[in-house]
Every structure is written in structure tokens, then in C-alpha cells.
Amino acid sequence: MEETKWEPKVVGFLCHWCSYAGADLTGSARMEYPHNIRIIRVPCSGRIDPMFILRALQNGLDGVLVSGCHPGDCHYQSGNFHARRKFAVTRKLLEYVGIEPERVQFSWVAASEGPKMAQVVKEFVEGVRKVGPNRLFKDEIRDGE
Amino acid sequence: MMVAVEKDKGDSLMEGDNVYIPHVMKIEKVIEETQNIKTFHFNFKDETQKAQFGFKSGQFAEYSVFGVGEATFCISSSPTRMDHLEFSVMRVGKVTQAIHELQEGDEIGFRGPYGNWFPLDSIQGKNLVFVGGGIGLAPLRSLIWNVLDNRDIYKDIVILYGARSPADLSFKYDLEAWDKDDRVNMYTTVDRGDESWTGRVGLIPPVLEEIGPSPENTVAITCGPPIMIKFTLQSLEKLGFTHDQIITTLEMRMKCGIGKCGRCNIGNIYVCKDGPVFTYAQIRSFLSAEF
Amino acid sequence: MGYKRIKKDQLNAFLRELSKDYAVVLPSRSGGQVVFGPWDGENTDFLDWYKNTVIPPKALFFPPVEEMFRFRKGEEGYEIEELMPDKGQQIIFGIRPCDARALKIIDMLFADTYRDPYYLRRRENSLLIGLGCNEPCDTCFCASLDISPGQSEDVDILCTDTGEDLLIEAISDKGGNLLSRMSGLSDAGSEEESKARELRKSAKERITREINLSGLQERMRSNFENRAYWEKVSKKCMACGICTYVCPTCHCFDINDENRKKEGKRVRNWDSCKFPLFTRMPMENPRHEKWRRMRQRYHHKFEYYPMNFGAIACTGCGRCIRECPVNVDVTEIIGGI
Amino acid sequence: MENRLKEEARKLLKEGKVDYIVGYGNGTVKFRTSPLITNKEEDIESLVINPFIANNLSRYPTEIKGKLGIVVKGCDSRSLVSLMQDNKVNRDDMVILGVPCEGVVDIKKLGEQIGADIDQAKEIDKEGDNLIVQMDGSKKTVPFRDVIFDKCFGCEYPTPLEYDILLGSEVSPRIEIEKSLKKIKEFEDTDAPERWRYWKEQFSKCIRCYACRNVCPACFCERCFVDVNIPQWITTYGSWQDNLVFQLIRTLHVAGRCSDCGECERSCPVGIPLRSLQRKMVEEVKGLFNHETGVDKDAFPVFTHYEATDPEEFIK
């Protein structure tokens, strides 16, 4: 019953200068992308602390998308380069402890790439749908699952 | 001359009660005292609970914003005025921030009263000198109103209150009332004035020395930030007050309020259970220069 | 009532009989750790390997995290639902004399002035069956604190492992009542009794570590302001909370709220005076430095607690010495004062 | 080695070249050593170097003011170099006394090997490749390699990389990296839900004593993120969820700074295999960015730096 009704709920941390503008463009160009995503605008992908990702998952979101400017396009010169290093190890660690890699996705989307944004979100949500609802942090005893 | 300060014997609690479960209370009024101090008038939701409740000036309670946490403040209203209860909070951290966001009609958790109280009996028939700084007036005003509501059994009353600037003066309505009341000698001072300030300018200790209350048959009760207390005690000593003629309150971080959680332990004293009201003589006996 | 005995291979049946009326908790292995856990209804092999647990049995009465009550915002405002431990009776089998004493010691605090309902409820609903130590550890110094590793007045029933048998002795009335109802026990002969006496004596003699407590109050008081001493002994301390969390008498806690939308829980959890945040207030922290916190801990145990309750808050179980990553040794520190 | 150390330490104190000597002394628990921090010449005689010197002393220079003469093993020296890269310690404030290390004895393993509580051993000596354990009335010989910490098998730099005085001759690394990584590889081969269950169970034991953080030289934050309450990222009490998130974030914070000294795991009173996480990160950081903690004094801390060519095949 519940399984058929379930829709993934994911969060997207998008950098203000590129990806957020890209998502904006998707909207203004009336391109469709899944409604499953809630977007949080951040100044730069470098702002994303792995803590944000873990806390989102801990709070029951099914997936986390982090998106910033293409390498070389960072408004702050190197924010996304630093982010790239951080994400590279973060995803390895999350995978190591058993968090499905489909739940956490990184992408570079420029302000002009409206269609790409729609595509990224669509693929991401589909990936999350495949791995199912996030029960990782649920306490079986407490939630009776 | 001795003023006796008692210990909390836990008799505010009824048999079988779970001491950690708070009453749910309703905020009736919020007063913005200064930019970071607010006073809250609050009341029981249940009339029976209200009728059973009693406290003494100087006692404190644990207040909670559900979902944020608990913090400790004194009950700043007077037990002679039980229409509602009051507490005042300076915004400094997580819980106090959440309390500051509360509005009329919101609910808080309240458990208490805890701790000991000002020795009302042994200060009868004496001259009283109240010295308060900043939010330190909160516990004093409970006692001051208590005393004023039984004015005849006390002798001369001096109130000295100070704050950093005119904008930092709390309880302005009380200050005004006491200023008008000929039964008290009221002095207000600020560290730094501003264009509109016509009152006294000066730190509390020198102003106190200038007022120069006589220690003869007098008890001084002081409360305020640690640095003010330190110098006020020196001034009182200069004026000839002995250590057991001075009453003050101690502040330590608390959590349980009932002498268990260990935070407010100094020497063999738990400030929550053995205090917070102490004579200066007592403090000297258990508190060395450091802890 | 005299001593009873039971063959060790009959312990299983004994425990099974107890399990009818009590939840039986005993030393077990879980996740690579020795802990007090629910009995699996089968194994009694702990008699072969059990020395003591890392986490002291205080955790059975004062758990690391305790949910005190639930709150929920309804139409009529907040509703509170008390979360008390259930009234089921439990037996703690295999508690060591030092740890049983520790419970007696913290009873004083939790029952003082304001009674702590959570701790006391569990205490009232529990029966302690102690197991004397025949082979104390290298870190034990209970003998200095007036505790005999093989004996205890602080349990309800005491067992002594004499090799083939468990010698069972009722200590409290509660323990006596229970034993009188039990089947499968036979009376112990004088031979077993003297064997048990011998074991207890030799256990006590094996304890070589000591803590010097003579004139302690005076020594501690006069050393309080000896900053150089406290700085020196705290230098290697890592300021973690191990010593306080593995201590059977440390009892400090914190209270916090957990919140989900309109409902949540108030929980209390162990806290440690070794952490700088313990006494931190927004404007100041009276114990910011590590040496002040270490001093506070030892003074609380060895000076303040005796002043308030007449008992030193240490039982010589040696856990803090054994578990400390840098081997801070309480016997050295108190001895050096 | 021990005599050389005493000689050098005494000289350093006497000549006023250091204010404190930070080394190892005998502990008060059988066969354990304990940090010995002293400014007194008479304490120098108590310094020891033996196969039980487990602590990573490089935690101390960030805490103790003054010039230090500090004893380091290979892994410890790399922690120290990493702290230099982060400007947490000043090279000029230290005289580094390097101990070429053949591995440190894991007391738990030793207990298992001799099939008895280590308390019962009377004396332990290292003879060649064996440990000779004197018991009550018996003697046991245990191969040294069977009782050293797992981390020691993966140690590529047993001889300190940074030192002023090397107290012995260089030790060649054990080429048993495979053995050191065996557990990690096996763990990785289990499926994801299995791995998650494993950590959930492990972190249910955590009592939040913060020993892992406090013994870690790479955990040098003035205020740890768990101690921040506005906003409160992690509750102060221990649900397994919060315990796990705490440790994962800590692991990421020390990634690239961790020298795999294993102190977190050794210190954990409830036996959580923390090194598994840390060692995994060591491998990843090396694989992804070709960075090894504390090997190159002039390298940048790995996360304050980047290369345009950093791997990004995982980014869409």
C-alpha cells in the first residue's frame, strides 16, 4: 500500500551563481522536472558541509543533490575545486558505511544549462526511486518498522 | 548580628511527584526591558495547581521551552502578589534565545520552586540596603516588593540600582514606583549617560559609598554581575558592614536544580540546593579564591 | 540462615527458576564487549571468563540516556506523558562487591532531599546477587576502601565460586526470602564454608594496589590551592570522559530536549566534569582549564562527597586506571597529595 | 635506544634547549606505558622505549606551551608534520627525538595469544622476532608479529620522517599492507545494508566519552562541532544515529590529517573499530589526491589545496 504511494523527497543544495540560476532558467523556460526536489540556495558549492548531507539523510530525506558551477567558473575562483575534493572523499566514506551511492549526487550545472538541470534532477530522482525510501536512520524499535 | 540563611529541604514537593516533570504554564504578558532582557508574566493553567503553589523570595525555578531545553532563573515577582508569576531573562544562549521568541499565549514548562530564600524573618526590624546591578535586580525586586507589602515591620530602606547605560536599565516601572514612594530612598545610577539622561552617572560601588548607609542594625542585600558584586562587597566592608550583614546570591550553571546533576557544585555546596542565597560570611567559608 | 550451595552446572536451572519471576541480567558478551545483558536462558559460561564489565552496573539504574517524559502539542496546549521504567522486577546476577557498594554510595545522592524517581524505581525493583572475586585484577584497590573483594554487605545474595560449587549466602531479608523459595539448593557443609573463607582471604591478599587515605580530608584541603601540583598531574590527561563514564559512582548528568515538529522528549544523559562545557556559562567558565576540572573531580569524590554523605565516592574498582588512554592513576594522584 | 634517549633528553634539559621532555614512562598498569612530561632532570631516568609505547604524543605540542623535546614513532612523526602543515605547531619549538619502530604490542592481542589475562604475566621481553612472556611457573613464546597492532602492518614509514635526533638505526617497513587492509577489503565486499547494520550496531555502544576525539592529534579545533549548540548539529546525548554522524564527520575532518596511528580505536572504551573508518580514508585520500599524511613537510594540507586535474568522474 504505502510503497505505491511513496514518492522520493530529495533536497538540492544549489549554488547561487550557476546551478540555482540554471534551475531558474528551467522554470522560466517551462521545462518540466520532478517536483520531488526542494531547493536550498547556497552561495557556493564550497559552502556545503558534509554535515548538511548527513543531517538531511538523518532527518529522513531520500536523497541529496549538490550542484555548483563547472570547474573554472566559480564566482569565488576556487570554491567548487575545494568542494570537489571534499565530495570525492565524502561519497567514498558514505558508501563505505553502507549509504547507497544513489542517494547523494553531485553535479556541475551552469546558469545557461536549464535543460541539463532538468535532466540531472530527473535522473537523480529516478535513481533515488530505485533504491527506495530512506530508512537508514530509522530506529526499528521506536518506529515499529 | 547574624542573619540565618536556610537550606532547601525539598518540602515544596508533594509525596509521589516526579520532580523532573514540569507544570505547563501560560505566558500572559511579555515586557521588553532592554534590548536583550525581557520579563514574562506567566500563570498556571490549572487553578488547583495555582492554589497549591507557594514560593519565597530568592527561590528559583527551571523554565523550559519544549523542544529546546531548560534553563534556570529566579522567580522575580513577589510571593505577596500571587495573581501571576514573573521571571526575567537575558538573551545569551540557545534556551534564552528561544524564551525571547515566546509571545503572549505561548506555553512554557516550569518546575520549582527550588533553592533557599532571603531570610525574611531575620531581617525584620532592620534597615535594609538593596544594591542591584543590571538583571541582578530580578531576585531583589521579589524581595523588595515583599518587604514593601509589609512595610511596617522593617526600618529604613535604601535601594541602589545601576546599569551600564540608561537603555540598559531594567524594570523601569519599578524604579519609577519606588522613586515616588516616600517609604524608600531610591537611587538610580548609570555607568555612562546619554543626551537625555539627567540622573546620576557613576559606578555602583562609589555611589554606594557616597550614599553611605550606616551598618548599624542594617542588612545589605546585593545581586548583580560578578565584577560589580566584587567591588560592592569591598565598598560595604569599607562602610563597616560585617560579612554576616551582607547577603548575596551565587550563580553557577545548573541543570537539574535539585542537587543531583553536579554542575553547580563548588566545594561541598550545591548552589541549587544549598543556595542560591548566601551570606558573605558563608561564601567566604566554602569558597576560596578559585574553584 | 546458613550457607546454601549449588553445583555450578546446576546454575542454569537456578537461573531458569529465577527467570519465572524476574528478568535476569548477567555478564554477557555483546559486540565484543563484556556487559550486563539479559540472560539468554542457556549460557552460564561467564563463570569461566567474567572479571568485570567496562561500563559499570550503575548504567542499569542510571542509564547513559534516559527518556524522562514525552511532550506533545495538542489542541489544549502541551501534554506531558511521564516515561517511567516499568515495574517489572529484575535480578542483577554477578555484580561485584565494589560495584554493589557503588550503588549504595550513589543511593545517598539520588534519595537526598528530592528523590530521583527513575533511579530509585529501578533500585526498588532490583535484587542484587553478587559474585565475590577470587582473582582481583592488577588495577583493583578496593581493599583500601574497606571493601573485601570476596565479600559484600551491599547485595541481597552473595555467591562464592568454590570451583565445583557456588556457595550462596543470603545477605538481606529480601535475599533470604528469595532463597527460601528456591528449589535445588542444598545446605553447605563446613568444608565448603571454610573453603569460601579461604578464597576470600586469598583474594583480599592478592590486592596489591593501594590508595593512601590517611588524613585525606586534611591533605586534600591543604592541597586545594596547590596549582603547581594539579597542573603537573593533569598534564598528560586528554580531558576525555572515560574515567567519569566508567566510574561506578560518577553520577553527573545533563538534561536535553529532542524535538520533532510538535512533539518531543526530554532526556537526561551522562555528562562529565572533565568536559570544558560542563560548567560553561555564556559569559564565563569557572573551570576552563584542564587542571581545575581534574581537581574538581577528585575533590568531589574524596572530599565533598564524604562531607555531604559520609562516604568516599570511590570503590577501588580500578576501571578509570585500566581504561584511561594515558594511564592517569587515581591512586598516584591521591597518594601524591 | 633507551639509554641514548636519556642521554639526549638530559642534555636538552640541561642546556636549556627545551622546557619539557615529552616521552614515555612506565605506566602503573602492567606492561603499559604512559606519557611522561617533565621539566625535571631527575625524571629522565624514568623514560622508557619498549614495544609498548602506544600513545601518540604529538597531541601534546598543541597544548603545552614552551619548547618541547618530543619522542615520536614513525606514525607520530607524521601527525606532527601534519600539524606543522596546518600551522598548529612550530617546528622551531620542538626537538624531535625519533624512535625507529618495529611495531607496538596490542595488549588485547597479546592476551588472546597467551590465552590468559595479561595481568597474570610477570615479565615480557622481546628477543629477536619473539616476545617471551613469563607467567606464574611457565614461559610462553609468542611471535612478535602476531601481537602487534593491525595498523603496524600497514606502516610504510616505521622510521620517523621528521626528526632532529634519530635514536636508533632505521627500520625497514613491513611489506604487509595487504594484511593491514584485509579487514577493510573484506568489509567492503559485504553488501551495503550489511555494512550499515554493522555500524549501527557499533555506534549503539558509543557512550560519547569523546576519547577518540581527544586523543587524536588531528582533532585540533578550538571548539568541536558537537560542542556548538547554535545551531546544534548533533545532540549531546548518544543515539546511534547521532553517534554515527558525529564519527563520520570527525572522520572527514581528519581525513588527510590522519596518520593511521590508531589511537582512536585503542582508546575507545567500548571497542568500536574506529580505525576501519580512518584507514579507509587514508587509502582514499592517497588514491584520489596522491596525498599521504605528514610525508612531505612542504605539501599543503590536502583540503586547503586542489588540482585542476582532480578526479571528478562521479560528478554529473
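By written order: A, B, C and D. Residues from 1 in each chain.
In this text, a contact is a pair of C-beta atoms (placed from the backbone, for glycine too) under 8 Å apart; a residue touches a chain by one contact, two chains touch by 3 or more.
Given the structure is predicted, the values throughout are model-derived calculations rather than measurements.
A.B. asks: Need the central chain here, defined by C-alpha centroid distance to the all-chain C-alpha centroid.
C.D. replies: C
A.B. asks: When the C-alpha atoms of chain A and chain D are each averaged to a single point, how far apart are the two points in Å?
C.D. replies: 35
A.B. asks: At what distance in angstrom does the C-alpha mean of chain C lie from that of chain B?
C.D. replies: 39
A.B. asks: With centres defined as the mean C-alpha position, give me the chain C-chain D separation in Å.
C.D. replies: 31
A.B. asks: What whole-number Å value describes the gap between the mean CA coordinates of chain A and chain C?
C.D. replies: 47
A.B. asks: Which chain A residues touch at least two other chains?
C.D. replies: Residues of chain A never touch two or more of the other chains.
A.B. asks: For chain C, what residues touch not just one other chain but two or more?
C.D. replies: If we look for residues of chain C contacting two or more partner chains, we find 254, 256, 258, 271.
A.B. asks: Going by the touch rule set out above, which residues of chain B reach two or more other chains?
C.D. replies: 93
A.B. asks: Considering only which chains touch which, label the overall pattern as line, ring, star, complete or other.
C.D. replies: Shape = other; not a path, cycle, star or full graph.
A.B. asks: How do the chains pair up in terms of touching? List each pair.
C.D. replies: A-D, B-C, B-D, C-D
A.B. asks: Considering only the defined contacts, which chain C positions touch chain B in the complex?
C.D. replies: 68-69, 71, 73, 77-80, 82, 84, 109-110, 112-118, 224-225, 251-259, 264, 266, 268, 271, 273, 278-284, 286-287, 292, 296, 300, 303-304, 307-308
A.B. asks: Considering only the defined contacts, which chain C positions touch chain D in the complex?
C.D. replies: 31-33, 51, 54-55, 64-65, 137-139, 235-236, 238-242, 244-246, 254, 256, 258, 267, 269-272, 275, 277, 321-323, 325-327, 329, 331-332
A.B. asks: In their shared complex, at which residues does chain D touch chain A?
C.D. replies: Interface residues on the chain D side: 187-188, 192-199, 225, 233, 239-241, 244-245, 248-249, 251-252, 255-256, 277, 280-281, 284-285, 288-289, 302-306, 308, 310-312, 314-316.
A.B. asks: Where on chain A does chain D make contact in their complex?
C.D. replies: Spelled out, the residues of chain A in touch with chain D are 50-51, 54-55, 58, 71-72, 78, 81-82, 84-100, 105-108, 120, 123-124, 136-137, 139.
A.B. asks: Going by the contact rule at the top, pick out the chain D residues touching chain C in the complex.
C.D. replies: The touching residues are 27-30, 32-37, 55, 59-60, 64, 117, 119, 201-202, 204-205, 207-211, 213-215, 227, 235-239, 263, 266-267, 269-271.
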